[in-house]
Amino acid sequence: MGKKERIVGTCDSGIGPEGIRFNCLPQVVKELCGMFRNGGRTCHIEPVPIPSKDGIVDLVLKLQQVLFPGYFTEMILTPENLEYHLGQKLSVLYERIALQVGSAIRHDCFRHNQSCSNCGERSYQIAEVFIDSLPAIRERLESDIEATLIGDPAAANADEVVFSYPGLFATMVYRLAHRLFELEVPIIPRIMSEYAYHRTTIDINPEAHIGASFFIDHGAGVVIGATTDIGNRVRIYQGVTLGALSLPKDAGERLRHTKRHPTIEDDVIIYANATILGGDTVVGARSIIGGNVWLTRSVGSDTKVLLKQPELVYLGKKDDG
Amino acid sequence: MGKKERIVGTCDSGIGPEGIRFNCLPQVVKELCGMFRNGGRTCHIEPVPIPSKDGIVDLVLKLQQVLFPGYFTEMILTPENLEYHLGQKLSVLYERIALQVGSAIRHDCFRHNQSCSNCGERSYQIAEVFIDSLPAIRERLESDIEATLIGDPAAANADEVVFSYPGLFATMVYRLAHRLFELEVPIIPRIMSEYAYHRTTIDINPEAHIGASFFIDHGAGVVIGATTDIGNRVRIYQGVTLGALSLPKDAGERLRHTKRHPTIEDDVIIYANATILGGDTVVGARSIIGGNVWLTRSVGSDTKVLLKQPELVYLGKKDDG
Amino acid sequence: MGKKERIVGTCDSGIGPEGIRFNCLPQVVKELCGMFRNGGRTCHIEPVPIPSKDGIVDLVLKLQQVLFPGYFTEMILTPENLEYHLGQKLSVLYERIALQVGSAIRHDCFRHNQSCSNCGERSYQIAEVFIDSLPAIRERLESDIEATLIGDPAAANADEVVFSYPGLFATMVYRLAHRLFELEVPIIPRIMSEYAYHRTTIDINPEAHIGASFFIDHGAGVVIGATTDIGNRVRIYQGVTLGALSLPKDAGERLRHTKRHPTIEDDVIIYANATILGGDTVVGARSIIGGNVWLTRSVGSDTKVLLKQPELVYLGKKDDG
């Protein structure tokens, strides 16, 4: 290792005194085309569309406008114009969701060499069922906002939570992505959760199950794995990992469909940077997991688990308070 | 918990063979309207505007252009055109700041059922006082850049710091948001700090007090709570939390106005992932807090606090270096 | 410290009843101009352009389109149109890269008071050599995707990895930025890595050396310092720091060119939140570093290093599972 060889191209003539040219272009194009045509797995050179990342980010932002009307628009909403506003927004969303879902399932069919005769119809049906879930999702989010106000002394009011809490944004995207996952839409849920991660560095796999009144404070670095189960009224702080135990080298294939992540029961609080690992690990109802705790076995209900204070070494003067 | 019931809508007819339709639309609209009209706290269906998130992000970027002229614009600035450039930018900023501040205080009045007869005037006055603080803020930022160059061997020059240091960006946004907080502008400071968090995952509450020559290196996951006091020439690394002790379930209401976060005196260095908690916790001047240290009591001045190395377990061969 | 004096401007007349005005404008402009003209280091008031941050973000996104054709475009690519697509994209990139590189090296010359007679020519040559490296970079990235699929049970297929894995995005930007660093382009590599950090909070210094088949899972808070050496087939989890030992106050100048960060040999796995520090620290081939481990000395090959489980304190009921 560590030979530190430079990555160089095949027609690299170095930086010489020979003037401006771009002789390499045809060769680079040929080389890249060769790589992509020879069926590398990670090209999308196919006669079917693929979901558009920008399109899906746009969906998330439009859904946010519908779920929190009046916050993310320049328009002034009143009880009188609300119905028209929502009706129009949802009609547009219906078309856009169907479009992206259509690309996702067509792409998936193509990859699996399946015919896709009713893909168009299915994508409209999925879009409708999804939109029909929005009131229920909104209700869940209302419970999440309530949980934030109850749990965080720094939250002055609900407006601040809607506008500026990364945890609420990540939870909203999770609830939307999870619904699409339930509807068996491929790729899109992960693109959504990547966008939430990009905005918040909270990484919630859309497959996870999370109950009502969920509150993530600060949130940077929170990881919630695919097979995690979380009950109601759970509170989590920054840096918490609900993850898998250490994985063998070839984990990818072997463990794709087993429960690898913990179960967190109702009313649990998990403080900053705690790590809870393993599919058999259960944290019982109303238990509290202290900051930095590393947990790989189950904890009963109504239990407080703290790190035995690691000894500190003081050099120079100590507490003179 | 864990019943894993799907969130479903009330007119969900499943994904069947019945063709494309969107029969659900009126019902979903009606349902959502009902939820929003019944005075859920997190709607903004009111005859007053609310600050625009995009508008505030735009403010931050325009303020950055003024504070670091020539870096974030395509225009070439010279000593000759500088005055016109700044004069024009600041005039635009004056209007834009007054607009957003006006929305914020009108919205706040509306929420508190107060009349808002001089809200327009007040927002222009706040905009002026705020802009008048920019030279002083710029001076603080100059000290922060200097601190970065002194503290980080990887910083080749000041240009790199201005262009690419998340810590400087978060500190700039904090200094701007803190000034607006001092001027008692509601909501906007938190929207600003959320934007800084989005860009950097550094979470500095605008209420915190931070002295000159502040340097955050790397910075991912840094949390600085609302009632934190930080002196001059303090250096902080990634993952440091200056937070509150564990909070009771109903912390939100009870603790909103007490000092919950630590005091860090001049010339302190706090290494990566250290956690310092509690409103009575003081770290004395010139002290150094080691990486991963968990601190809930005061430390005197000129003291080095290290984690007693936790024992490591070696399986297989050990150090053969 | 902690005097909590407000930052105020010099013509601050407070918020009084005196109506709308902006009397302060000329004075604020004059003050700021004075600060900038007096040669503060962090202004760019010079007759030469400077790289554009937006322009460089655009470069990264265009390079991503070329390296992963078909994923980040609305266009449908087929084996027939691929060559035209790539040829056109690369021609545009050639011009754009030369433009930004030209600004970077002209700015650098200006700062060092060097003449820049062949800067234009050099920037086109660098652009060509850089583009000529793209097939080799693509091959590396193919190995990184493969490593992701092998290592992560949650990765359903390569599409998901390309679309939604922060680790892959950060690795791609690193590989591009590192190549520009090798070509001695100033500033731009750091602007690129800041963009990757903004998107992912993975902070890889462009100077670091990283071998093939590199996989970062989740990734929030990962820090890889400038003089780090990483071999082939290395796997890293969120929160891992490959950093420098604690630095003296004036570290910036003294240590700018020494090896301060560790060496990680082939086939090493480093679990979440482990911290490995120091330029003399070597982790031998095929070793595994457990979560939260804090390491400042070398580890031989084929070794597993775990934290001795810190004692947990259970209050209330313990495991009743």
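Observations, loosely collected:
All chains are identified by letter, namely A, B and C, in their written order; residue positions are counted from 1 within each chain.
The rule is simple: a residue touches a chain if its C-beta (ideal position, glycine included) is under 8 Å from a C-beta of that chain, and two chains touch if they have at least 3 such contacts.
On a predicted model such as this, the values are computed, not experimentally measured, just so you know.
Interface of subunit B with subunit C: the two copies contact each other largely through different residue positions, with under half of all numbers used appearing on both sides.
Superposing subunit A on subunit B by their CA atoms means rotating through 120 degrees, a value rounded to the nearest 5. Averaged C-alpha coordinates give centres for subunit B and subunit C that are 21 Å from one another. Looking at subunit B, one finds that residues 201, 220-221, 239, 273, 292, 307, 310 touch two or more other chains.
Across the interface of their complex, subunit A is touched by residues 1-2, 4, 6-12, 14-16, 19-33, 35-37, 40-53, 107, 111, 186-187, 190-191, 193-194, 197-198, 201, 203, 205, 207, 220-221, 223, 225-226, 239, 241, 243-244, 246-247, 249-256, 258, 260, 273, 275, 282, 284, 287, 292-295, 297-308, 310 of subunit B. Per the touch definition, subunit C reaches subunit A in the complex via residues 66, 68-72, 74, 76-79, 82-83, 86-87, 90-91, 94, 120-122, 124-126, 128-129, 131-140, 142, 145, 149-166, 175, 179, 182-183, 199-201, 209, 211, 218, 220-221, 229, 231-232, 238-239, 263, 265-266, 269, 271-273, 285, 288, 290-292, 307, 309-321.
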